[in-house]
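My questions will all concern the structure given below.
Each chain carries a letter (A, B, C and D) given by its place in the written order, and its residues are counted from 1.
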Amino acid sequence: MNIHEYQARQILSDHGVPVPAGEVARTPDEAAAAAERLGGSVVVKAQVHAGGRGKAGGVKLAKTSDEAREKAGEILGMDIKGITVRAVLVAPTEDIASEAYVGIVMDRAKQADTIMVSAEGGVDIEEVAATMPDAIRKLAVDPRYGLLNHQAAGLGHFLYDDPKAARQVSSIIVKLYQAYRASGATLAEINPMIVTSDGEVKAIDAKMNIDDNALFRMPEIEAFRDVESENPAEVRAREAELTYIQLDGNVGCCVNGAGLAMATMDLVKYYGGDPANFLDIGGSSNPDKVVAALQLISEDPNVKSILFNIFGGITRCDDVANGIVEATSRIDLQVPITIRLTGTNEELGVKILADNGFEAMVDMDEAVKTAVERGQ
Amino acid sequence: MNIHEYQARQILSDHGVPVPAGEVARTPDEAAAAAERLGGSVVVKAQVHAGGRGKAGGVKLAKTSDEAREKAGEILGMDIKGITVRAVLVAPTEDIASEAYVGIVMDRAKQADTIMVSAEGGVDIEEVAATMPDAIRKLAVDPRYGLLNHQAAGLGHFLYDDPKAARQVSSIIVKLYQAYRASGATLAEINPMIVTSDGEVKAIDAKMNIDDNALFRMPEIEAFRDVESENPAEVRAREAELTYIQLDGNVGCCVNGAGLAMATMDLVKYYGGDPANFLDIGGSSNPDKVVAALQLISEDPNVKSILFNIFGGITRCDDVANGIVEATSRIDLQVPITIRLTGTNEELGVKILADNGFEAMVDMDEAVKTAVERGQ
Amino acid sequence: MGIFIGENTKLVVQGITGRDGSFHAQQMMDYGTQVVAGVTPGKGGQTFSDAVPIFNTVADAVSEAGANTSVIYVPARFAADAIFEAADAGVSLIVCITEGVPVGDMLRVLPYVREKGARLIGPNCPGLIVPGCCKVGILPGQIVREGSVGVVSRSGTLTYEVIFQLTRAGIGQSACVGIGGDPLIGTNFVDCLAAFEEDPHTTAVAMLGEIGGTDEQTAADYVAKHMSKPVVGFIAGQTAPPGRRMGHAGAIISGSEGTAAEKMKAFEDHGIGVAKRPADIVDLILERS
Amino acid sequence: MGIFIGENTKLVVQGITGRDGSFHAQQMMDYGTQVVAGVTPGKGGQTFSDAVPIFNTVADAVSEAGANTSVIYVPARFAADAIFEAADAGVSLIVCITEGVPVGDMLRVLPYVREKGARLIGPNCPGLIVPGCCKVGILPGQIVREGSVGVVSRSGTLTYEVIFQLTRAGIGQSACVGIGGDPLIGTNFVDCLAAFEEDPHTTAVAMLGEIGGTDEQTAADYVAKHMSKPVVGFIAGQTAPPGRRMGHAGAIISGSEGTAAEKMKAFEDHGIGVAKRPADIVDLILERS
C-alpha cells in the first residue's frame, strides 16, 4: 500500500525523525490558513500516489498565505498521471545548505532490508545510480541483528564530513529503520535529507510503501488508506478480495492465479488483441467473487470481449460456472464472453455452463484466440 | 540488583502477565486496610531480599482484615537471615488447582537466556531438579531470534494437558520473557504459577534479579532500589563506588581487583586468620576511594587488623599511598595496619608511606602473614 | 526418483484440521504420499481421517511419528511461526503453501531455516509433485504424468497449465516444483535447476518465470555455467504495465527493472530456449530433448 | 611466538582519545606493539601521539591502515557497539578491556563475533601480552619476562600477582592472557589451553580461576583429554561466602554451585596441579616442568 507524504512524515516524526512542521489542506482556504499558522514562506505539495509530481507542477513555493491559497488552488484538482490531486501538504521552506538521499528497501536477492544513502540528494536517485554509482553506499541489514549503531554511524560519516551532521544523520537513519520495521514497510525514502545553513539535519520529504500482508497488524496504518486517490474500480476489486489493475485494452480478462493471468494477457497480445485489465480471482471458490469480477469488467467501456481463463485447482470449475451463470443473469452483458474451463470438477462446471447456454473450451490458446477475434 | 516481589509483580503486570491484585503495607494498619480493600481472605508476605521466608514464618494467611493486621504485626520487624522485614505484600488468596514453576535465567555455558518450566511448582525447584530431573524442561533462547512462539507453545503443552491452560501459560511465558529482556534481568522466576479451579493461569509469586550494569538504561528500575533493606555499610560502599561485602572475621582487607581480593581473603584464612570483608577498590586511582574504604573497615568492630594489598596496574601506588596517609590523618585507627604495595609508581608510593611513618611490603604472603599475626 | 521428495518422504501436515489442510491432506494421502502426522495445537491425541495421528507440536510429530517433511496450511499470520517450528523440530524439507505471509516475517524466518539445515519451499506456492510417487502441496495429481521433464515455476495455476499441456502432448514429468511468487522465498530457481541436473531421471527442464526480481537472470547464468541438460523457459508478464509495487530504489538495488524483456533476453543469451507462449514450451522440449 | 598476538599484530585502538585509551595506547607503543590506527568517531583525520592516524570507523582503520586486531577502551554503554564494529570490519582478534558491559548486550554480540570468524577476548579483562614482543591491553609490561609458561586467568590484578611471582622466581612466560571475569566472555579457558598446547614455545600452563560458573570444570576435562603439557591451577574465592548474584536457577542450569571446592576437586581429578595459594603456582610449575 502506498501512503501519502504527509502520512509518512507523521510515522517518521512519531519515531523521532526530525521532520519540519507541516499541515494538510484540502481547500485553498485551508492552505492559506496553514501558511498563516506556519508563518513565513511555505511550499505547497500535491499529495498523490504518483512519481514526478514536481515536474508535473505539483510542487510550488508561496511567500505569503494569499500566495499559498493561490498555489493550492492551482494544484488541487490537478491531474497527475491520471490521478486527481485532492490534498496538499503545506510546509515551511527551509534554508538548505546541502541535500542528501536516504532510503531503505527490501532487497529480494540479498533477502535483507537494504539502506542506501547518497550525498547527491534532491535529485532523481536513479540518475545518480546510473551516472555516479560510487556516490551511493548500500548496506544490507542482517534481519537477525537489525541495524547496528556502528553501521548507521558509518553511513553518517560517508554522507557528511562534519562530525555533528554525521552524528545527526546516523541517529536519523536508526530511527528511520525503526519506523520502517515497525510499519511493515518495504520502502522508505527521504529525499532530500537536508542540512540547514545552521547545521541541522532534517527530513524534508518522505515516501513509504507498506507491505499489504502486514497491514493486519497495524490498523493505524491501514487507516491511512486514501481510497479517494485510488482508481474506484480497483478499490471495489480490493473490497471483493480480487486483484484488479485497469489497463486500456479491449479484451477483459478474468483468470485464477497471477501468473496465469499475466500469461493470459500476454497471449491476448500474442494473438493481436489488447488486454483491458489484469484480474486475478485468487484461489477461492466463492461464486460471489466471479460475480464481482464480471461486474468490474463489464463496467469498463473499453471492453469489447470478455475472456474467462480458469484452471481449477483449489478453485473448483463448478463454482466458477455457477458464478458466471449468476453474474450474467444479473448483468446485461453487451459484449461476447469466451470461457475456458479445465481442472477440478471440470465436467460439472462445463455441464452447468452448457445448461445455461454457454460453451466452454479446454484449450487456452483456442479460447484466447476466440476472445480476441470476438473483440475486433 | 535484587528487587522485591511486589516490584517484580509490577514489572510483570506491566508486560501483561496476569498477576492477582496486591498491595504493599509498611504497618499493620496499612495491611488491614489493604485486606479490607481486597476483600475476603488474604496472604501476607514478607518483602525481603532473602530466600526461605516461608520456612522462616514470613508468609501467613489471614481470613479477615483484623487477622491481616495481626499477622502483618508478626511479620513486620521480623529478622529473616539477618535482614529486618520492613514491608509486606497483601494479596488475595487463590483457589489453586495446580502449581507449576516457570523461570528464566542467563546460562553462562550456553551463553543464552534459558527458560525452565516444571509442572512441579510451589516447592523448592532445586529439590525437583535433584529428585526428578525429567520434570523440568529447559529451553535455551537464541538471542538473535528471541523466544519464538512455537517454543513457548511447546513449553505450554509440556506443562498442561488442558489446551486452554497450555495456551494461557505459553502466552504468559512470552510476556515473562519480554519483561525479563526489557528489564535487563538475569533471573526471573514465577513460583508458583497456578491454575485456579476455574482454569485460569496466574502468577502468584515473582522474583527478579537485575543486571547492575544494565541499570543505567532503566532509571525506573534503579528507582526500585530499597536501601533500607540492605546492609548500611554496603550501601555506603556502593555510593563510594567500592564493592564491599561484610563478613564476620577479624582481618579487614582492602584490595584492588576482585580476583586478588578473593585470593587475599583465601590467604588470610591460609595463615590462620579470618577475613572481615571483601573489599575491592577497583581500578581507579582516586585517593578518596581509599579514604572511604578505610573508613568502612575501621567502623567494623570485629576488625583487629587491617591489610592493604595493592598491585598497581591502572591503579597507581602513589595515589593509594596518599589515600592511606589522608585517611589515617582523619580516622583515629585503633588497630594495626599492614600495607603491601607494588606495581605502577611503586617507588613513589613507598616513599610517601615511609615519609609518613608507614612501612610497605612487596611480598603478598609476608604481608598477609603479618596482618594475621597482628590481629591475634 | 524426483527431487526433494520421494518414497522416503514422511509428511506432517501443519494445520491438518483446517479447511485447506484437511482437504489437501486427504488429496495427498489419496495420491499415495505417506502422511504420518498432523499438527494442530490443542488437538494432540485426536486422529485425522481415522488414520493419521494429530500432535500438538511438530517436535512430537517428528519424535513420535518419524516425520521428515512438513507442509504448512496455516493462516498467513501464523505461517512464520509454523515454519520456525518445523525447522526447529528438525524436518529437512518444509513446504509452505500459505499465501499472504508478511515480508518482515519471512526476513526473520529465512536465516533460521538455513541455520537449521532445512530446505523451505515457498511460501505462497503450490508445492511439488513427483508423478506416480508423491505429492506435497496442492498441485492437482490428475494433470501430471510420469516422465523425464523437470518443471520449476514461480506461479501456481500457470504451472498447472504448462504441466497440462506437456501431459496432453504425451510428455511426462520427473518432478514439478512450484517455488512461489513472493519476494522472499526459501528455494529459488537455481536450487531446483541444480537438483534437476543431478537427478538421473530428468532429461530436460522447463522453467516458468514472472516479472519482478532477478531470480530468472541468476538462473540463466547458472544454466550456462553448470547445466548439461537442456532448459527451456517462459516469462509471464510480457504485457504487464511497469510494476506498481516495486519503487525506484528496488530497481537500483537489484540493478534491474525486472521486466519480462530483460529476463527473456537473459534466457536467450545463456542458451535457454525461450517460449513466447506456454504452448511453445511443448515444442521447445520436443526440439531439445 | 606467543598465542593470539605477535609480530604480525597490527593494532587499532578503539577509543584512543579517551583517558584510558590514550594512556594505554602509549604504553603499548612503548612496549613495541604496532599500533597502526586509532578510532574515535568524529575525530577522523587527527593524529595520536604524532604517529598514529585516527579514523572515524574501524572499517577505515582496516582498509587504510591494515589493522588486524582491535583493543577497546570505550565506556561500557558503547562497548557492544564497538565490538560489533570491530567484528564487522573484519579484524580477526578483538580485545575488550571495558568493564561493566550489560549481559544483555553481550548475549547479542557473541554470536555475531562468531559468525564473522573473529575471536573476542573479554570484556572486563586486562588483555594479553607476549613478553618481549607485543602487548594488547593493560597488563603491566615491566612484570613479565620471556619464557615458556603460559598464563591464563579470569582475573585482573591476581594475574599480575602470579606473573610477578613467576618472574621473581626466574620463570618466564610464553604468553599471559586475561580472559575476563564477566559471566559472558568471548574466549574461555579451553580456547587458551588449546592455543598453548599448540604453541611450540609453551612448556607448561598456569590457569587462574575464580568461583562462579563451570568454565574451570570444563577446562579440567579438556586438559585430561587433550593436553600433553603440564597444567597447574589456582581458584580464587575459597573463603568467599555463597555467591549472592547467582540464584538457585543458575545452579540448576549449570548443574553446579560454582564453588572453589568443586573447581579444585575437578582440577585434582583431572591431573591439574592445585595451588592452595598463588605462591604455590611457582613450586608446582618448577616441579612439573
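In the analysis below, contacts are C-beta pairs under 8 Å (C-beta built on N, C-alpha and C of every residue); 3 or more make two chains touch, one makes a residue touch a chain.
Note that this is a predicted model, so its numbers are computed, not measured.
K.L.:
Please report the smallest number of touch steps linking chain C to chain D.
P.N.:
2
K.L.:
With residue numbering as the guide, point to the option in A-C, A-D or B-C that repeats B-D in over half of the contact pairs.
P.N.:
Most of the B-D contacts reappear at A-C.
K.L.:
Between chain A and chain B, tell me the centre distance in angstrom, where each centre is the average of that chain's C-alpha atoms.
P.N.:
55
K.L.:
If you average the CA atoms of chain A and of chain C, how many Å lie between those two points?
P.N.:
Result: the chain centres lie 28 Å from each other.
K.L.:
Going by the contact rule already set, what residues in chain C reach two or more other chains?
P.N.:
As it turns out, chain C has residues touching two or more other chains at 108.
K.L.:
Spell out, as numbers or ranges, the residues of chain A touching 2 or more other chains.
P.N.:
144-145
K.L.:
Considering only which chains touch which, how would you classify the arrangement: line, ring, star, complete or other?
P.N.:
Per interface graph, the chains form some other shape.
K.L.:
How do the chains pair up in terms of touching? List each pair.
P.N.:
A-B, A-C, A-D, B-C, B-D
K.L.:
Quick check on the complex: what are the chain A residues that touch chain D?
P.N.:
145, 148-151, 153-154, 157, 163-164, 166-167
K.L.:
What does chain D use to touch chain A in their complex?
P.N.:
Going through chain D, the ones touching chain A are 41-44, 56-59, 81-82, 84-85, 88, 108, 112.
K.L.:
Can you check the complex and tell me which residues of chain B touch chain A?
P.N.:
144-145
K.L.:
Applying the document's contact rule, which stretches of chain D touch chain B when the two form their complex?
P.N.:
Counting only chain D, the residues touching chain B are 20, 76-77, 99-104, 107-108, 110-111, 126, 138-140, 143, 153-161, 164-165, 181, 183-184, 208, 210-211, 213-215, 218, 234, 236-241, 244-245, 247-254, 260, 276-279.
K.L.:
Going by the contact rule set out above, which residues of chain A touch chain C in the complex?
P.N.:
51, 103-114, 116, 124-126, 129, 136, 138, 142-144, 181, 184, 186-187, 189, 207, 209, 211, 213-214, 216-217, 245, 247, 255-260, 262-263, 265-270, 275, 278, 283, 311-315, 342-344, 364-365
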